[in-house]
Every structure is written in structure tokens, then in C-alpha cells.
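Sharing a structure below in C-alpha cells format, with a few things to ask.
When the chains are written out, they are named A, B, C and D in that same order, and each has its own residue count from 1.
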Amino acid sequence: MRDENARLRVAILGASGYAGGELTRLLLAHPRVELALLAANESAGRTLAEVHPHLAGSPAGGWVLAPLVAAAAAEQASFAFLSLPHGASAALAPTLLDAGLRVVDLAGDFRLPAAAYPAWYGFDHPAPAWLEKAVYGLPEVFADDIAGASLVANPGCYPTPVVLGLAPLRSAGLIGPGPIVVDGKTGLSGAGRALAEATSYAATEDSVRPYRFPTHQHTPEMERVLELACGIPTTVSFVPHLVPSVRGVLVTCYAPLAHGATTDSLTACLASAYASAPFVRVLPQGEMADTKRTRGSNLVELQAVADRRTGTAIVAGALDNLVKGAAGQAVQNMNLMAGFEQTTGLTATAVYP
Amino acid sequence: MRDENARLRVAILGASGYAGGELTRLLLAHPRVELALLAANESAGRTLAEVHPHLAGSPAGGWVLAPLVAAAAAEQASFAFLSLPHGASAALAPTLLDAGLRVVDLAGDFRLPAAAYPAWYGFDHPAPAWLEKAVYGLPEVFADDIAGASLVANPGCYPTPVVLGLAPLRSAGLIGPGPIVVDGKTGLSGAGRALAEATSYAATEDSVRPYRFPTHQHTPEMERVLELACGIPTTVSFVPHLVPSVRGVLVTCYAPLAHGATTDSLTACLASAYASAPFVRVLPQGEMADTKRTRGSNLVELQAVADRRTGTAIVAGALDNLVKGAAGQAVQNMNLMAGFEQTTGLTATAVYP
Amino acid sequence: MRDENARLRVAILGASGYAGGELTRLLLAHPRVELALLAANESAGRTLAEVHPHLAGSPAGGWVLAPLVAAAAAEQASFAFLSLPHGASAALAPTLLDAGLRVVDLAGDFRLPAAAYPAWYGFDHPAPAWLEKAVYGLPEVFADDIAGASLVANPGCYPTPVVLGLAPLRSAGLIGPGPIVVDGKTGLSGAGRALAEATSYAATEDSVRPYRFPTHQHTPEMERVLELACGIPTTVSFVPHLVPSVRGVLVTCYAPLAHGATTDSLTACLASAYASAPFVRVLPQGEMADTKRTRGSNLVELQAVADRRTGTAIVAGALDNLVKGAAGQAVQNMNLMAGFEQTTGLTATAVYP
Amino acid sequence: MRDENARLRVAILGASGYAGGELTRLLLAHPRVELALLAANESAGRTLAEVHPHLAGSPAGGWVLAPLVAAAAAEQASFAFLSLPHGASAALAPTLLDAGLRVVDLAGDFRLPAAAYPAWYGFDHPAPAWLEKAVYGLPEVFADDIAGASLVANPGCYPTPVVLGLAPLRSAGLIGPGPIVVDGKTGLSGAGRALAEATSYAATEDSVRPYRFPTHQHTPEMERVLELACGIPTTVSFVPHLVPSVRGVLVTCYAPLAHGATTDSLTACLASAYASAPFVRVLPQGEMADTKRTRGSNLVELQAVADRRTGTAIVAGALDNLVKGAAGQAVQNMNLMAGFEQTTGLTATAVYP
């Protein structure tokens, strides 16, 4: 018989980056979780307070980060989050999985077919068998598969709003089968915590610029998951941009508008698809998606407009890249996998302004 | 017999400003509170979602703001927060208090002696009798008085870290009786929600400027409360500044250093004073106070340094002006007044970065 | 015989907005111009120092802004800039033109065919005869026409980099005839100086959001001018976005890539087109367009990439919306009209960082 | 006989940092200067366009930075700017000076007495003889000495507005002899171009924090120069802060107000002192100093207020730390040393907003 009060013993492997810090923040406040292990690579041996000073005041402030050893994690926890650089997750995950842990990977290591890794990620996938078993962790679309999965590939920050915004429209035939343009804008936390002149304050204030296109690794992820969700192959041309903010991803998607589709029908389709989704807010006509209203929350805002003059369906989606775009969605996946309410530990509204 | 599960019926009068929105956010998530009434002046008749779109996704998104009528509030609630422009609170509060409600006022209307209002606030106080009964709501210093008060004057955002940082040092004789300089820096949410060119994005990016000195109304508040707390009259020279950020107040205080006092003794004194204060973090030597680490939380960071070369005690304090500097502190006061745990509904850590 | 040292007597009608302030800044430093009149509507009677405090230290700081009276301007100047709200220029310009002045209009009043004004600007054009004579003021494309024009329609901030980036590629057949997507990002100075909560600092920091699409009035301007420049009708789907910065427009354009076109051939085409254009910098492969490097200068950065996998030509363009996107381009047009060197008064490099 | 058209051959040693880039920008546009050499340490061998991409469009974009060799610089130039880390200037300057070059040093290596270097800068001064001959380069106070100097120590960004704001008041007896508090705020360009997490965008947005106090090396510089300028020893307690902006220093100074002094008399004293200073703007009563209005220009704004209630003279000063706080002031010094008009090459007004 299940103990209703038992807490899930959770390890975070890769606790020192921004996503790792956000996972720690969310899980420290999660009523069904016991944080059993925080591990990191270069930051091993430092306290949580040193690595994430904003958590210094929490009871966990004095905890010491352990080294990244999968076997040790497997002994201390029954559930693991991997928040590591691309490539490192795929190397560590099998040990954890073989030991019986359930795993959510926040990197891109389990999101694509094995054949795509050399071209888009620059490495040969070391665990193709596990890759085939991995479930794509977008709860609003794949909740049933996630609930039963051992290994969940947490979606990228850009693909999340793109798939949420386009999949219902494509499934309903409101957008046609042609190619899609996705223009993405992200804040600097999306660039990670590693140092670079391009991410300094002096170089970023009043700077808007594209980066790493058309080779960004979220491109094939969007294409693959849209096909998974709708059954229709899709081509995506994607350009991400850095804008002067810290949190927040906004995507603007341009797709072929089906004959007869209107802003009304697009909006109604999305509203219906997410009527019972606690973290998706479909905006009424005329309201504009805004990243700021999602900051610190697990919310996604979706807005759809039919530009009938040019035959284009335009869908904008906004979220906090560290929450619904990373750590919050990972916790949502864990909730599903562990049989908790999907919203457990994720009810905070945005901190605004 | 007290019903442990009964929720306190709370009204917010002045729910449309930034502090009102923050109160609403905090109280919607407070486990012992039932939000019975949201009222506003010009925004009466609009929904919460229209006035605070970041709360549109909450269950209260559809609530309609009521007009500001004290008698109506008195019927629907047993506890009221006033988050109104200076002068408006003093006019409304007596009706609520006479009807038996307990009240926390977030304006400056009950913080000073009656005689000070014409000079510093520009009006004659309309309710001097209630003013005399008001308790200054700084829980770390006046918790006992607050618990029994009917009317609590919630402190200003600047006086909060100034008094928390200086009162223990002055009481312990580590800073001398001479005049104090307080240099304050605030983000733009401290300037309120009213429109002005000076608070536009275009005028604010890359702009640092002082404002309204030496006549800022928090000056006599600092002087009075330091005297209340320490029993020693104090003179404060205060200059506030606007800096390009949204949330966050940092104060830097310069006081006469007592003979023999050191950074060690200053730090130890503060650490001892707040050893059991859940929302005060005294920084270890060498760590710098940082507003960003308090954003969205009820935390105050305090840092003390002895500049022995010049005989100056330097105390820096950082907080989120909308939380510990306004709505969070108001909820902390309510918790004390209602007999709840002081931290109820206030345990969120900062959203960082 | 022309007096080489004679200065052009110039009036600015609409000197109080951001573009008007930038015009004033540039023309005060222009060696061939005498600023004969600064006029404004609501700000008439105030000094330049009051209206634009950053110019308070200039010799013109004490000048008083005159009321907006076309006849008076016609007496005092031989050249006029109109920097007024849409609709106001079209009403004033004929008086100036009939009096023999040459005019550059920074509003949208002379950029479209008369038939387009009701739908895109919301008014019937009051001066269709002058509209037909107006020349579109993009010097890199229409220099000869501009030199001889009486009335020049200064381009919009978004159409400038779009047309500069796409016209040579389309003319050369490197992009096909199909529809184009333009995703624009602007800083807040592009939203003008009027007060609105949406442009406050508190609402803008960490906020990225689209606005006024798909009905933004720069859409038909892009379509028309691309056709003018290339002779091929074009459809543009355009979504502009506000990002947290003050100056800077970045456009990202997605067009059908012609068979066989490569990043090399796109880049070479642009480099050749602008080999002698002093204000256009075509970026070498791998360098990303960045608004920050254009701030305060009349420079445009253009970057072209062939996404051969999806058949998309991607062109990014960056400029300072108040300089090359408004006042600087207007001065460049004046230089051509007056027979000055195109770069006179416009040689300042960007202020970076 | 002096050739009026001869250009001064100038070398910049240390051209790769922010101050070096600003020097390059200003000198490329200076009508009396020929930039003969750009040299750098780690960036030697790279082009100017690679090191400072915002200058890529200038004629000098293709220049290659030379290695830092004093003897080579001495052969190519007759005037040198040193924009190097503290300690490096003192090692290089003697070679240049002995070869007959005149030198402006932007580091702190020639600003203090030799005895102060171990404590405040952490090194023993290697060239005490040249140190004694160095002139402090604050043109508004020491113009005559600068004109005849071989070696000028360019002031620090914080001391510049502090000395300009306080020296005339102290000399006139409007502020008394007691200790002074200086609270400084700087943008991130003041932290230099070296990489650090603390200066990343993610760590800086919405962050206000003090740094390196009370040991900041500008403290003894303020004390020494105030004494040099006024003949009265002075003690300064100084705390600098980082605020989220790129350019701009604001200092707020608190000094003992002399009996009888008023805001009027303070303001009149400053206005009189700088009546003929082209780069100092004394604000009229009620106007607040604002860093944004100085951005990109060599302007200083000064504001003085008498807080008679507490007996405090409050002086605020604002400037662009890379222009009047570094490169602009260095060019102003060069102009004086070379016999040019003080304002040559420095007439640009601020780029606002």
C-alpha cells in the first residue's frame, strides 16, 4: 500500500547552473519531495549558499554539493534530474536507469533520433537503446506516455511554446502542411552561466542580435515533435535571438493559414485544446503575449492571429525559459511520473512587475 | 474555541497599484486567508485579470474590483489592508476600525506624530486619536506590540532596512549618537504605477539620479523609529535615487563608529539580534548586499563594515521593496496580529537570476 | 554662383519628440546648416533645454520653441523637416511646398499610394497631388530621384533595413518571388515619447511582446518599396515586437531562397550592391548583426545566410531607429537634396558599449 | 614656426579595453590628431574591427594592433596615452618620457604619493621620480600645470565629479572642514572588460550592490586632490556601487554645511567657479543630476543642495565614466598640453534617450 505521506527521494545531477538552481528552488518547496542529493562537477565541495547565494537563507544553504558520480546518486535517490551540458547526460543516464531510478533529462541528449546527433549536437549517441525508450516530456501533449516512462527527455525552451502553439492547429487542419518560420527571442539566462563577453552586461544592454542560426539544435526538435504530435512532417526555419532580459522566451511562428481559418477559429482551437491544462493560458483576441507575465511561474501564454491578407497563421508563445522552459516542466514531468497532482509545487504565479 | 481551519476574511482596499497587486498575489496563496474583497478607486468595475494580467491565470482572475467604500468592506471582512495614496488611508481607516476590523496601512498615514504631517506629507492629520494608537509594523523590533494592535502602520521601504541595520548597533553602543547619512537606491516599482515621462523605459535605461531630497517623507520616519527602538534621538540626512531596475531597495548608511568597534563586532551584533528572525540574513564578512537575491522574497540582507580609518560604521541593507518593503511585511504583520506563524505564506525564496 | 560657405536655413516642425530631438542634435552639429526655427505643438513656448535637457549645454539651450505655423516657417527657412504625428504632416506640407521650401517628412504621410491611407493610416489623404510627386527617401536605392525632389518621404525604421537587405537579392534573382516573413524588434524610443503604462520601465524590463500586428502600417510600405526597387510584386507578413532597449531596430527576414544560392552568393551580392554606400556594412560570414554597434550612428548592418536545408534566405538588418531609421536618414536626404556630401554631419561612429 | 595644420602623432598603449576603445573613437574623429599606433597586450595582432566591432566601419577598421613595446611607440609617436591595468603604466611610462614623448596615463599609477601605493594599489611604485613630476589632470582646476606637463595623471571616474563638486565650496568656506561621505554609483563599463560572473547580464539586471569598500583606491585620490585644490586636509568615507547600466557615474557627496550657507549660495558658488568651463553644467535649483544626459559626451552635471535641517551640504555629480571620467578627459588634457582649443574633438552632445 502506498504511503500517501512518503516523500520521493530526488537527486539533482548538475545543480550549479541556472536550471539546476531553479530545480533546487522548486524542489526545496515541493511538498512531496525530499532532496536527497545535489551534485555538480566543478562546484563539487562548495555549499549551496556559495553556488546559489539566493538560496543561502533556506534550510539547505549549508548543504555541500557532491561530486558527479552516478553510482552514488543511484544509492541515495529513486528519482534523478540531469541538468548537465549536452553530451554529459547521455553518458550518465544509463547507470541511473539500470539501477532502477526514473530520470528526467533537461539536456538535449534524449530528444532526437540517434542519427541526428552527429549533425546537430556534434557527438555520436552513446546510449541508443535508452534513447529509443525515452519519452518526450511535454505534458500537455504526451501525459500518458510520461506517466509510465522511466526516462523523460525534457523539452527545449523554444520547442515548448512552438509545439504547444502549433500542434493543435495543425491537427485541426487550421494550418496547412507547408514550411514554418519560427523567430525566437530569449533572455540571457537561456545562454547559461558560462562566462563570455557576449553575455556581459556591457555588451548586452541595448543589444538585439541573432545567434547560431540556422544550425540551432532546437530546429530538428521542433520538426520531430510536431510530426510526433500531428503525424505530418514539417520543415522549420528557425532563428533565435538574444534580447536584453534575463528570463523569458518569446517565439513568433509563421505558418500557412488554411483556407477559411480566422483569428476566431485559431483561438477557439487552442482554447479547446488546453481547456483543462493548468499551465497554458490562451489569450483572448487583441491581447499580446508577454514574457514578463510568466516570470517565475510555470505558465505559457499563447496567442493566435490569422493574417488573412497574406495567408499566414501567426502564433506567439511566451514562457519563463527556466520554469516552463526547463525546471518547472521537469517538475511537472516528475509529478506525472510519480503519480502526484500535476500542479504540485508549481502553483506560484508570476512575480510582476 | 478557535477553529484552527477557519480562514481570516481579508479585504484589500487599493488593489490596483503595484503594492496592491503584490498583496493580492501573496494572499491568494496564503493558506489561512480568504480574500473577501478587492476594492479600488479608478479601477473599480474592472476584473483582476484586466488590472493585473499576471494574475489572469489564477482562480481570482475573473473577480471584479469593488468601489472603495469602507462600510461595505467592514461588512465583508474582519481584516483590511489599505494600499492607497498617502492621505486616503487616514480618511478611510477610522470607519473600518470603528467597525471592529483590524487594519494594516501600507501608506505613510500612521507612521509619524500628528504634528509632522503638514510639513512632510502636506496635510493635517484627520484622525489623530487613531494615530496615537497605531503601532509601527516592523516585526523584528516591535513584534509584541504588533500582535495586540488594532491598527498597524506598515513601514516604508527605505526605513525598513535602515532601522533593521542600525537599531541593534546603536542600542549596543557600537555606533555613536551623531548624525547619520542614508543613501538610498530604488527600482522603478518604488515610484508607483502612475504615468510620468521620468519613469518611462526610454528615460530610465542608463539613468541614475537622485529625487525629492532632502524632503523625502521617509526621513522623519527613520529618525522617529530609530529613537523609538533605541531611545536615542537621531538626525538623518537622506537622499533617495532611482536606478534602472524594477524591484529592490538598497540603503547605504554611514554612522559614527564607536571607539573600538570592528567589522567583526558590528557583524556579530547584527547576527545576534536577528538569530531567530526568519527574514533577516546577516551577511558574513566580505559578502556584499545585493537586491537581486531578495527579489520576490520577504528577505532582508544586512551587511556591516567598520571603516576604522575614517571612524565610520557603514551598513548596507537590501530588500525587495514590494515584498519586505511593502506587501510581504504587511502580511507578516497580519500573521502576528492573527496569531498565525510569522512565516505563513511568505516562505518563497527569491527568483534568481 | 553658389556660395560654398552659405548655410542652408532649416526649420524643424515637430522638434519635441524623440526624432525631433535627434534631428536637432544632428543639425546643431551640421557644418552646412543654420537652424532657423524649431517649432512644436504642445511644447511651444518652452526652451530647448526644457524639452530636451541633454541639449541644455549646447548654444541652443535657451532657444524658445515656436508654435507650429507653416506660413511662419516658410518665411524663416528654405528647407523643412516635418517630424509630426501621422496625418499632421500631410496637412502642413503643401503650404511649405507651395512657398518653395524643400521638405523631408519623417511621418508616414507621403510613403504610400493615396488609396492605401484609409485602411492603413485611418485617414483620407488631404494632398494627393503632392503625394504623387513625393520621392521615397532611401538614399542607397533612390539617390538620383532624391537629389531633385521637392518632397521626400523619409522611410520607416523597419522598412529601411528590410528593403536594403532584400532588394539587391531579389533583383539578382537570389531570392524567389514568393511571400516574405519579416520579424521586427524595436527598442522603446520607437514607441515615441507619449506616456503609456506599456512603455513604463516597470512594465518593460524583462518583457518581450509583439504589438499591432498584422496591421502595422510599415507592412504596405515594405511591399510597395520592394516592388518599386525590384519591379516584382511582393507580399510581406510582418510582426513587430517591443524588446527592453531604448534604441535599435533589428529585422529578421525570411524569403524563398533561389535554387543554387548560398550564403556566399547572398553576401557577395549585398557587398557588391553597397560597395560605395558609406552607411551600409555587410557583415562577413559568421558575424551576427547587432543593434548595439549602430547606436548613435547612421550605420546599417546587414547579414545574409542561406538556410539551404529549408530553402530559406535569412537576412538580418540592424540600425539605430532614431538615426538611420529616422533623423540621420532625413539628414542624409537633405544632404543629397542640397548638394552636400552625403555624409556631412553624419560621420559619428557608434557610442559603444 | 608652428605648422597650424600639423597633426599630433599619437599612440594609444592599451587600446583593447573599454577606455582604449573610447580613446580610439574620439581620436579617430579629432581634427588635430594622427593616430600613429594602437598597441595592446593580449589583443596584439588582431584588427581594430575584431577588437572593437563598432569601429569596423571606420577607415581604421583594418588596422592591426601592435604589441605593447614602449620603444617602438616612442619611435612612431610624439604623444602617448596609457590605458593599461594599474601597475603596467608605471612600468612603461619612463621609457616613453625619457624618449621625449608627452604622456597621459589613464590608470592610477601617477595619482598618489609614492608612499600610498603599497596600501591602496598593492605594489611599490617603480618610478617615484616621474611620479613627483606628474600633474593631476583635472583641467577645470589645474589647467595651467597641465599645459606645461610632460606627464599627466588622468583622474579617476569617481574623483572627477567629487572634486569638481566640492572644491569650490570648500575653498569658499561654504562647507566646513569635517569628514565627507561619498556614495558612488557606476555602470558596468566601469568594471572593465574582463570576464566575471558578477558582471554578466543575468547577475546584473535588477541588482544593486556595493563593492570593494572601504578600500577602493579612489578614496585617497579624492582626499589628496581636495587638499591640493583647497589647501585643507580632508577625510572621505567612500562606498562605490554597481547599478544596472553601462555608462554613467553618479556621486552623492555629504559634507558639513557652513553656517548660513543655502542652496542658493552653494549653487551660485559652483556656477561662478565654472562660468567659463565648457564641460561643466551647474544645474538650476530643483533640477536633478542625471547620468543619462551625459552619455557619450564630455559633460559633467553638478547639483548642490543645502539640507539646513541636518547641517549637510549635498552635492550630486554625474558624468559618463568613459568620456569625462576617462577618455574624454584624457583628450581634454592632451588638447591643453598640445596648445589646441580645450574642446577640440569633444563637442559631441549626449546621445539621448
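In this section, a residue touches a chain if its C-beta (ideal position, glycine included) is under 8 Å from a C-beta of that chain, and two chains touch if they have at least 3 such contacts.
As the structure is a prediction and not an experimental result, all values here were calculated from the model.
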item: Contact-richer chain pair (by C-beta pairs counted) among B-C and C-D; value: C-D
item: Most distant chain from chain D, judged by the mean position of its C-alpha atoms; value: A
item: Centroid distance [mean C-alpha coordinates] between chain D and chain B, Å; value: 39
item: Separation of mean Cα positions, chain C and chain B [Å, integer]; value: 47
item: Distance between chain centroids, defined by C-alpha means - chain C, chain D (Å); value: 36
item: Multi-partner residues of chain A (each touching 2 or more other chains); value: 18, 187, 189, 202, 205-206, 244-247, 290, 292, 295, 353
item: Of all residues in chain B, those that touch chain C in their complex; value: 18, 187-189, 191, 193, 195-197, 199-202, 204-206, 244-246
item: Contact set on chain D toward chain B in their complex; value: 179, 181, 183, 185, 187, 202-203, 205-211, 213-214, 235-237, 239, 241, 243-248, 250, 252, 254, 288-292, 295, 303, 305, 307, 309-312, 314, 316, 318, 353
item: Complex contact set, residues of chain D against chain C; value: 18, 21, 25, 28-29, 52-58, 189, 205-206, 246-247, 281, 287, 290, 292-293, 295-297, 299, 347-353
